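Heads up, the next two complexes both have chain A, just with different partners, chain B and then chain C.
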Partner chain A sequence: MIEKMNRVVVIIVSCLIMLFVLAPIIVLVISSFNLSRYFEFPPTGFTLEWYQAFFNSKEYQKALLISARVASSAAALGLLAGIPAAFALDRYKFRGNSFLQSIFLSPLLLPQIIWALGLIQFFSLVRFGDRSILGSFVGIVLAHTVIIIPYVIRMVLTSLHYVDPDLEYAAMSLGAKPVRTFLEITIPIILPGVLVSAVFGFMVSFTDVVVSSFVAGTRYITFPVRMYSEIRTEGLDPLAVTVSAFVVIFIVIIAMIGERTIRWSRFI
Partner chain B sequence: MLTKAKWPLFVLLLPGSLIIGIVFLLPFVFLIIQSFWTYESSFVANTTFTLANYAKLFSDSYYFDVYLRTVKISLISTAITLILAYPLARFISRLGTGIKGFLLSLVALPMIGGAMIQTMGWMAMMMRYGMLNGILMGLGIAKEPVAFLGTELGIIIGLVQSFIPLMVLPLVASLGAIDISLEEAAKSLGANSARTFLEIVLPLSIPGAVSGTILTLMMNLTMFVTPSILGQNKIMVFGTIAYQQAISVGNWPFASAFAIFFILSIGLLALLARTVTKALQKSQVNNIKSEQRINGVEL
Partner chain C sequence: MSISPDIALTLKNISKSYGDLKVLNQIDLEQNDKEFLILLGPSGCGKTTLLRILAGLLTPNTGSVNLNGKEITELPPYRRDIGLVFQNYALFPNMNIFQNVAFGLRMRSIPKDQIQKRVDEALQLVRLDGLGARPIKQLSGGQQQRVALARALVINPSLLLLDEPLSNLDAKLRAQVRVEIAQIQKRLGLTTILVTHDQTEAMTMGDRIVLMQDGVIQQSASPTEIYEQPINHFVASFIGSPQINFFNCTKTGGIMQFDDFECSISIDKLRGLLFKDIAYDFPDGKYELGVRPEDFIVGNGGGTSLFNGKVFFVENLGADYYLHTNINSKTIIIRNPQDCSDYNSNDCEISIGFHPGKVHLFDGNTQLRVRAR
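Entry: the complex of A and B
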């Protein structure tokens, strides 16, 4: 009896904490349909007005497009650099292996804002012709690649642990060259991890505001940076909330598909 | 694995090492160097060596107040985050694979959504007639709208929610690794739920709690979007000062000096935390040993 009551209390408390964690996301989605301009609660009425405004807003669409371009370039670069590195870290025993691994993962642990401070100084000194790469597309993509690489390495390492090296030896003993073995045995097995890290990396870059707002400059203003500067100067407005709600809905759908198809939570 | 030759290893590691080395590690070197440069005017500094940036940091009590406020808010937020994350992690860790994965991917949503989206949601909720006040006044807890925006309370609420996921994930990992038969054994030997929890579950979950706490504390100490938006520029912390100095004022040397002072003191905090936990673990082991000696059981 007491055990049963304990269980009920545990479930209720857990649900409340869960609700707290998801509260901002839920509220954004509700507010995007709220008739009131001032986010009154309970909502004063249902409207699609803000979504209409969003679909007519060239400015927000441009910001989302820039974010998508930055995020896809950075995710591609992150995969190109991260997958081989993870493979080397998992399959080769060499001195300094674990040290190198912690270096590769360090962008997850070291404070982004402190790195960003050094980065703007560094970028302002790196020049192509007469322009520094601070505020350029290349600059933002490189910075985001650094944020993505540790996720790729961690997730690919996790999935490499599932690969039985015997499978690779078997393929090679049957005459397959290492490259073919890698393409036909290893890649298919680690594909879920690679896919999750690509999607996760894309989204982390897409929603990054800390590093972006330092290195963005004025030409490539990503969607979260636009939100940040607008809220700071003009306060919260329903259009900005609606664009964010749109992104939230997109993220939730991706997360649920990812969980259902390849159980992506095991890589997070 | 496949070959003995060294060159494939080198080739595989090269692209990642180049990017992390040049774009991530090198800027920290620049940060250190630039903190000794001389500020002239906005976005202009010359390379003359100076200690003025550090002197300004220690002579102006404003920055020391900012530092103390940052540490205070971070410690409070981290403690509340741990208290709220623990029961949730314990609950999730004991569920079956399917529902566990579903809940974990829900918990991870704030991490993927990023600081901006979380902060916007909180701002909408914390408005004068927003959801939080709607609920508080509806339940009769508050007679008048409570001010959340522009207060430390608002910032702490926002920070706690943003970093619960960071705390839950390592906790679920270490709580999930506890063999359920250990708990059952303790219960069958007559220990009640509370004692089983205190003597079996809690000690075994310490590694997850420590790594989650360090990560969360680090994030809280260097957060800038949440304090900037929810604090409405009325409550300055390290992150908002760093942004203001680097982006608005353009005083990079001073921003660098502040950052270096800050990261060094965080490092000291982390070192202290590690020493304390090591000492705790040691005393725990000693306790177990002495109990075993009392009971006459050899190791």
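Entry: the complex of A and C
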């Protein structure tokens, strides 16, 4: 009897929590089809004109493109740095291993605003020729890379736990040289973790507002930053709503594909 | 280096330390071609380390490994012609059975049709024929073990190494697979080394047992020899289930006096009870008599009886009885004496004697078997 009551309570609470988390997204997506220019819920009519406007809007498309370029560069760099680091941390016992791990994972813990403040000052000191990297493409990408690296390391480390060292020994005992072993045995096993961290890193960079606002400058305005400043100045623009809904739907689809194919929620 | 044609593997002076911890201490070992050798010993004795050195996964601090005339000490595992079966099987999770077994053949650039043929043969040998397409995740423990075995066998290695292959199987399966592995080894004529801590496995599977403790080889002999002529106290107690019983005693002049209870026996009479290989004459001092549970004579008096004991617990195994018996405060285990039906009552008093020619004698200080010179 008590167990049944427990189950009911758990189910109700879970549903409420899910509703609370998903409600803004649901409202967002539904509103993107709303006829009216002003925000109202429930919507009064159905229209696709805002989606049309989105596909015609040069500014938003430019912002999306910049975000995509920054996110993919930062994700790639994050993988390039994070994967070897994860291997080193997992495979080698050395003094300071845990300490290094904490340092590499620290960007996750720091309040982003404070870190971004420090980053501005640091960036203004780093110069190429007569220009500092503050406000440059390189600058944003580097800043995002630092945020992404901890995710990469954490996820690749997790997937490395699935790689039993005996697997690699077994391959070698059967005649596989180290490179062959890495390609045929190790990579297929860690690939889901690598993919997850790549996508996660991309998302983190794509949706970042704080760091990008501080470091971006005027030439490279990423999508979330643009949207944030527009909403502050112009108010809730249906175009912004629509674009956001679009991005959210895109993310949801990617997440579902990933979960269905390689069950990547294991690595988070 | 001239090697007898029969010797397949030679280990000379192998030592391995981790910092101050000496895991292997000057190991010398020879193995004949096609021989099934068992590395036996308790945890920490160094047997797995030795196996890994043979596999090329570890390098020894000193010494050399020679396989079929070739010095392989420094060679990485992929340059040795070995097959390795891991305790946890180490099957490649991203491949199915066929791909796992075929892996070694692919690394040796064997043509595809040959690979197909040989993998099928290997799967048949381990009784997994027809299951090639099955993914690893769907296999039971016993099946995984067979795949691991097939994978190592199919490449026809010069040396087959098995690291505790049965320890993850349940008891029934273990008994079954023990026989299968031994049969396959004989059939293929592979030079094989198996590591285990289970003395039953060692006794039933091996041509020769190498018993190790603390990084040192205690005795290297056939199962029969190691059972009937254990070279020291440790070997005698490790091999044999239930464990051998030891009696502390002291020799003075012509009398051997038991230390733990009132009983003494003349040396003349004792000699008739000892194994034939034991020295005829030995000095006064402290000794240990070793008597295996099955080598007692239990009766209700009579000429063979030496002393009396009280049975306080009977283990009934169906075909065997183990009688846990007290002589004063000393406890021994007696196995399957004639007519145990009376002994089910606690504290049943019995008279105990030793079977002639079956008693072991160890020096009380060195713990070594008192051998004839």
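Simple rule for what comes next: the second predicted complex is superposed on the first by the 260 of 268 C-alpha atoms of A that agree within 3 Å, B and C clash if a C-alpha of one lies under 4 Å from a C-alpha of the other, contacts with A are read in each partner's own complex, and residues count from 1 in each chain.
The rule we apply is simple: contacts are C-beta pairs under 8 Å (C-beta built on N, C-alpha and C of every residue); 3 or more make two chains touch, one makes a residue touch a chain.
Model, not experiment: these values are computed from the prediction.
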Simultaneous placement of chain C and chain B on chain A, clash or fit: fit
Contacts of A:L160 with chain B and chain C, given as first, second, both or neither: neither
First (chain B), second (chain C), both or neither touched by A:I189: second
Apex chain A: angle to the C-alpha centres of chain B and chain C, given in degrees as a multiple of 10: 90
Touching partner for A:R180 - first (chain B), second (chain C), both, neither: second
First (chain B), second (chain C), both or neither touched by A:V146: first
Which superposed partner A:M172 touches (first chain B, second chain C, both, neither): both
Touched partner set for A:Y228, first chain B, second chain C, both or neither: first
Touched chain A residues, chain B compared with chain C: B
Distance of closest approach, chain C and chain B, by C-alpha atoms in Å: 9
Common ground on chain A, meaning residues reached by chain C in one complex and by chain B in the other: 172
Chain C-facing residues of chain A, complex: 164, 166-167, 169-177, 180, 184-185, 188-189
Complex contact set, residues of chain B against chain A: 1-3, 8-9, 11-13, 15-20, 23-31, 34, 84-85, 87-88, 90-92, 97, 100-125, 127, 129-131, 133-135, 161, 164-165, 169, 193, 215, 218-219, 221-222, 224-225, 228-229, 233, 239, 242-243, 246-247, 252, 255-256, 259, 262-263, 266
List of chain A residues in touch with chain B within their complex: 3, 6, 10-11, 13-14, 17-18, 20-28, 31, 38-42, 77, 80-82, 84-85, 87-88, 91-92, 94, 100, 103-104, 106-107, 109, 111-115, 117-122, 125, 142-143, 145-146, 149, 153, 165, 168, 172, 178, 181, 200, 203-204, 206-210, 213-214, 224, 227-228, 231-232, 236, 240-241, 244, 247-248, 251-252, 255-256, 258-259, 263-266, 268
Complex contact set, residues of chain C against chain A: 55-57, 76-78, 80, 82-84, 86, 88, 90-94, 103-104, 107-108, 151-152, 155
